[in-house]
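After this come two complexes, each holding chain A, first together with chain B and then together with chain C.
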Partner chain A sequence: MADWIPIALSRDVPVGITRAVIVDTREVMIWRGEDGVAQVWEDRCPHRGMRLSLGFVRGNALNCLYHGWQYGAGANCLRIPAHPDLTVPPTIRANAFAAAETGGMVWMSDDSAAPPPQLPALTPVISLAIEVAPERVLAELGGSTAEPLIELPFAADTLQIGWHRVHAAKTMLHATGAGADIGAATAHLRALRQNLEQGVAA
Partner chain B sequence: MSLTDDRAALDQWYTLGALQDFPDGAEVHSRLLGEDLTVRRLADGVEVRAAGRALPVRTEYGHLWTSFGTPERNLFELPESREPDRRWIHCGPVRVRASGLRLVENFLDLAHFPYVHTDILGSEAHPEVAKYEVEQRRDVDELWATKCEFYQPKAAAASDEGQISKYMYRVVSPFNVMLYKTPPTAPDRWDVIALFVQPVDEAVSVANAFMLVIDDTSTDAELSAFQQMIFVQDKIVLENQRPSLLPLQPGRETPTRADLSSVLYRRWLKEKQLRFGTEPRTDLPNA
Partner chain C sequence: MPKLYDYVLSGSCYKVRLLLNMLGIAYETQAVDFFPGREHKRPEFLALNPLGQLPVFEDAGLVLRDAQAILCHLASSYDASGQWLPRDVRFGSVMMWLSFAGGELMAISGARMIAMLNYPGDLATLQAKARTALRLLDDHLADRAQAGGLWIVGATPTIADIASFPYVALSHDAGIGHEDYPAINLWQRQVRKLPGFVGMPGVPGYF
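Presenting the complex of A and B:
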């Protein structure tokens, strides 16, 4: 699998928001604090395992819903409300992945050794879940499992579509376009999805 | 999934729900520890059967109890059930997609009040958990947490202002727990709120809350609705903990001093070698 994986459209993770994403059966979450930087973490609080995507963002910190443990952008725990006077040991941290934003998408990587791809600013079109194996989706759209992007000609334009595997039988697409007609591109992608899902059922 | 082979789990008493939910003559289907059961309420008692075999039955404290194995002890004592001025309130059953052990641990936890039961059992302005005491009472094989105190904006259905509530917790078996709490109307006594968990499958549970309270102002419906509201808030948390099974492996989670009761509870479960509802461990040699 590609080193860097596109997992959401940047537009769908505005400041102050958390978002749960399943990437190849792993539960991860994205959040964006006031500084505007997207963070991608394992969707699990190290304290008692609560999914952090149910937490809440305040300023540049993410707070767990269960006991309010507060994590800074560097994933270290800043505050344990049950012990207000405690200086939290630096070993208490959320499990962060390397994260980047390019081409209007949020990307994650298990190790940040390789630099993230460099893409021009692209206009977000839509994220779509398709209940079909990525291999089939890519074959249909002319992509490859070795590449994180699918180039899909559409009208006079080319859509750049990031994809990620949810699990063996489900794919997420994150479509962008330089100057595409967003309404028409969305309708086109929805029709493609319908064909793919019906093809599976048939 | 079928009946567990976990000896420690089999040799316990479990509730199948409040007796009032088993009407005369009717056959009720239930499930416990991965095995289907049928319950029949007869004129002279209750019959519980699984895989063609009759299981032992108890009917204490307004609940139906059974076991697949041979519990080492009788059902726990609940002396407050003999006090005539207490009201018996049933609340539940509520189905929760989580290990029953996670439910018990949540019930033992003070630190979540400000965040999960905001402005009711806790407030974000007072999140501190003061030091409390825990002990394992070996004679009765129970865990106790005592001297627990917490600031609560609305401690019970009958509260109209905030108070520092005093709590005691008592774990009587891996899936049965109760708390003692000062009622707003009788500060010299203790309300009892019990959580009897029916572990259906490893990660599916049915919660039965049972209250023995001193309150002559609230109606049964108000008392039950209050508890129901609290439990619905807990259910959201419980169904979103990962893993759903309780991890006993060191280092999987991060307890602090406020989690002392959870630390003791997990140690006690390990001592009992209970596996049902726990995350499989990778740090032990294969048995």
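Presenting the complex of A and C:
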């Protein structure tokens, strides 16, 4: 897997929310507590495997929906409601990925050795799922599967579009722009989505 | 007292329970053994609703079927503010999305019955229809958000939101997550924060 992968627009993960994402067939989730820091974890509770994206955020902690195990920003389990007096062993942890935010997107990495890219702040446009293989989407938009961003000229602007592979036949785009007319850029990208999907169906 | 013929696992009955709670209306329920009893196909129930579908709502001699129609009745009779079914330029849009909630979005219900209750049917076809409907709603909500709006129609929640929420929230039961739908993910959280919100099995009551 490439070093750093953009998986969502920061705008779509405000404080207090969970967001499920499929990244190269893996179930991943993003959440953001009151400290404002985006966390990217495997979407699986270490207790019984419940999807953590179905849980809820309180303060700076994520609570699993199933039995209420509570995890802090460092991914360690803070509290097990069935055993309120227990000091939770530090080995009980959610599986956290390295996470970063830059260019208006949330990024994840399997390996935090390489620093995340440094991008200027851009205006979020739209995230779109396209039921077409990434290779084909990138060929159409003039990008490369070796690069996490696509530069797409649109009107007087250049859209910076992060992308991630959902699975072999689905791609998710996360588009941002400098001074773009957001409505027009969104309509343009939806038209591209339709063309690509019709091309696959044809 | 108004009476809801109810099945606890029904997303359509849940539409009605949601608005009853949000409007603070006292009501009684009569449980209908939809599964496995198929009580909704028995003569006594067919006398109330010849379509043999839930929910049915009785109110002061009126007998109503169809969740969307019942939402209209509740808003019309009990919501003095007029917020839930606005009688202005928003009216047609609310009706349009109500139709969508009782129409295209119900593909999720069909897929869920196959996935959960082993009902006969083509799961893949219904899931594809459900995804088409969810994408349409997500595109709409993304446009609304870009214009600064949180709700399906206008600046306040309406019965269009209430009618759409249950099966969107229950789509997990039909094998469809919300990964592809970031605007739906933001909207459904707003719905859960509304005063009087209640959950149902599969939809937690808090968020």
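Here is the rule we use: the second predicted complex is superposed on the first by the 201 of 202 C-alpha atoms of A that agree within 3 Å, B and C clash if a C-alpha of one lies under 4 Å from a C-alpha of the other, contacts with A are read in each partner's own complex, and residues count from 1 in each chain.
Just so we're on the same page, contacts are C-beta pairs under 8 Å (C-beta built on N, C-alpha and C of every residue); 3 or more make two chains touch, one makes a residue touch a chain.
Bear in mind that the values here come from a model prediction, so they are computed numbers and not experimental data.
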| item | value |
| --- | --- |
| First (chain B), second (chain C), both or neither touched by A:Gly199 | neither |
| Touched partner set for A:Leu65, first chain B, second chain C, both or neither | both |
| First, second, both or neither for A:Gly36, with chain B first and chain C second | neither |
| Touching partner for A:His83 - first (chain B), second (chain C), both, neither | first |
| First, second, both or neither for A:Ile182, with chain B first and chain C second | second |
| Which superposed partner A:Arg48 touches (first chain B, second chain C, both, neither) | first |
| Partner chain in contact with A:Gly74 - chain B first, chain C second, else both or neither | neither |
| Touching partner for A:Pro120 - first (chain B), second (chain C), both, neither | neither |
| Doubly contacted chain A residues - partners chain C and chain B | 54, 65 |
| Chain C contact footprint on chain A (complex, rising order) | 8-9, 12, 14, 16-17, 19-22, 54, 56, 65, 126-127, 129, 166, 172, 182-183, 186, 190 |
| Touching residues (chain side chain B, partner chain A) in the complex | 105, 109-112, 114-116, 124, 127-129, 236-237, 240-243, 247, 253-259, 262 |
| For the chain C and chain A complex, residues of the former touching the latter | 135, 139, 142-143, 146, 172, 177-183, 185-186, 189, 204, 206-207 |
| Chain A to chain B touching residues, read off their complex | 27, 43-44, 46-51, 54, 64-68, 80-84, 86, 92 |
